[in-house]
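Please see the structure below; I have some questions.
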Amino acid sequence: MEPLSIIDILGTFSFACSGAFAAMNKRFDPVGVIIIAFVTAIGGGTLRDVLIGQFPVSWLTNGTTITVILIAAFVTLFGGRYLRKLPKTLFVFDALGLGLFTIYGIEIGMQSGFNMGLCITLGTISACFGGVIRDVLLNTIPLIFRKEIYAMTCVAGGLVYFALLQTNMDLEWIQFLCILLIVGIRLIVVKKRLQIPIFYAKNQNQH
Amino acid sequence: MEPLSIIDILGTFSFACSGAFAAMNKRFDPVGVIIIAFVTAIGGGTLRDVLIGQFPVSWLTNGTTITVILIAAFVTLFGGRYLRKLPKTLFVFDALGLGLFTIYGIEIGMQSGFNMGLCITLGTISACFGGVIRDVLLNTIPLIFRKEIYAMTCVAGGLVYFALLQTNMDLEWIQFLCILLIVGIRLIVVKKRLQIPIFYAKNQNQH
Amino acid sequence: MEPLSIIDILGTFSFACSGAFAAMNKRFDPVGVIIIAFVTAIGGGTLRDVLIGQFPVSWLTNGTTITVILIAAFVTLFGGRYLRKLPKTLFVFDALGLGLFTIYGIEIGMQSGFNMGLCITLGTISACFGGVIRDVLLNTIPLIFRKEIYAMTCVAGGLVYFALLQTNMDLEWIQFLCILLIVGIRLIVVKKRLQIPIFYAKNQNQH
């Protein structure tokens, strides 16, 4: 298994957990929790695939995505009490997913021949849209519109990615550094604010 | 006309009615009612077509879908007072649509060569997503996340479908039995709770 | 540059401004404002492209759309105080965009060989869906469902377009007249109600 595949699975797992937690906070039933976990994990990649015309969308063409999401949802459902005490662990995974999906989306865009601006847009959509659709389904204003660090971090990571492509650095190192950068920015921003990431907060409603 | 086409039209008609009723409960104007009816009836099949890359999506390639939806919307708009007294009739149609669209979505998935898990997922999306998008547009938390019977019924019907495919039973009988099973489960669950299906209730809001 | 391209850019610019204003009214941060401006401007055309299977979707294949949207968002962000005093100016642009996108969507539909009913549906989706997705993301009931003039204006303009196609009139004149008709209807309806268009109102929430 390639290194990227492992991080991809971790990212999918983390996003699925974040969706499951958000749904449990809203007191959804187990089926609702699984559906929200699923939508959060696959939303961004699916929209990216649809926009560029990659069909069937990626989670339909590999066997592991749905399995990983189901495991993540069940772990959160049954182990939630334990994981709730470890929001930082989850946040690290989520940030990792954000980093990986941004870079992955950018590379898919480059393979399709898009320019830098569009590639970064596609990467940001890949990383952020799962959370947007999660919040829409939970009937809250998507947090991406309230906390600029989320989308801006992806854009920053993407810009650094293209800057490093101009150097002689190995692609693997560029990928690794940019993912690390996005994860690092997220960690610093959240730590500075002395709060766990907003999407785990209890009161997400606008009222 | 094939038997399946007749049930398909009935399913489209029923989902369109359910959307129109929900929009009328929210005091939408007639144009809004027609749009919600349209979106509820075509939402699931459209998402399924998009995910697997079937273009143009189905309602753009057959002449009857839009006509059926318009008839359903106008019947509900002008005959609503009468139909309101017949929620059970509407519910039977909706359950029938749920059954048909689940099986139809599964068969489309099989034609595209997907495995059992993905086929059942596609069938469930076909049957449920119209209601999800209806509720999102009505600014309520989709009922599918609150009432697990909805999605679980589709999954159960799909599992029985694949089990029966292992037998020598005729395909028509398998389709008929699985649709009947989904409709039956829905009827029993709703009857047991002694209430009309939740999407006709007046207070759908989360507040 | 063709005349249509100029109007297209103006329409994109106007829809982006309307989205940015709506997001600023909801006190979104600048990144959120840009994202809402983007989604409002490209939403309708993207859904139309996806439904008919035109990939990559149009804003990914031309270089100007994203640039125009970014300019519109920054102009609104930094010049908002000035523009707020000119809601009528913005409304004229929005109505122009509505007219142009309706006719443009209809012509895309005709190129793909769809009948009149489907073409008008595609044109209406092109013109209206950006606003629908904007309102969904802002967690309000889409205004299209509350103010029937919006969608009905597109349908009326589309019907006149097809009626005029039966005459010997030049296509450019037909396009111009139908866009003018849609803009005119919107202007008259809004003036008659003695209020600025509802999507600029401060209290868009349903509560």
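The chains carry the letters A, B and C, assigned in the order they are written, with residues numbered from 1 in each.
Methods note: contacts are C-beta pairs under 8 Å (C-beta built on N, C-alpha and C of every residue); 3 or more make two chains touch, one makes a residue touch a chain.
Everything numeric in this text was worked out from a predicted model, so none of it was measured.
Interchain contacts join each chain to each other chain, per the touch definition above.
Overlaying subunit A onto subunit B using CA atoms gives a rotation of 120 degrees, to the nearest 5.
For the pair subunit B and subunit C, the fraction of shared interface numbers is less than half, so the two copies use mostly different residues to meet.
Centre-to-centre separation between subunit B and subunit C, using Cα means, comes to 31 Å. Annotation for subunit C: residues 50, 136, 139, 207 touch two or more other chains. On the side of subunit A, the complex with subunit B involves touching residues 23, 26, 28-32, 35-36, 46, 50, 55-57, 60, 63, 66, 136-139, 207. Subunit B contributes residues 50-53, 112, 114-115, 117-118, 121, 132, 136, 139-142, 144-148, 151-152, 206-207 to its touches with subunit A in the complex.
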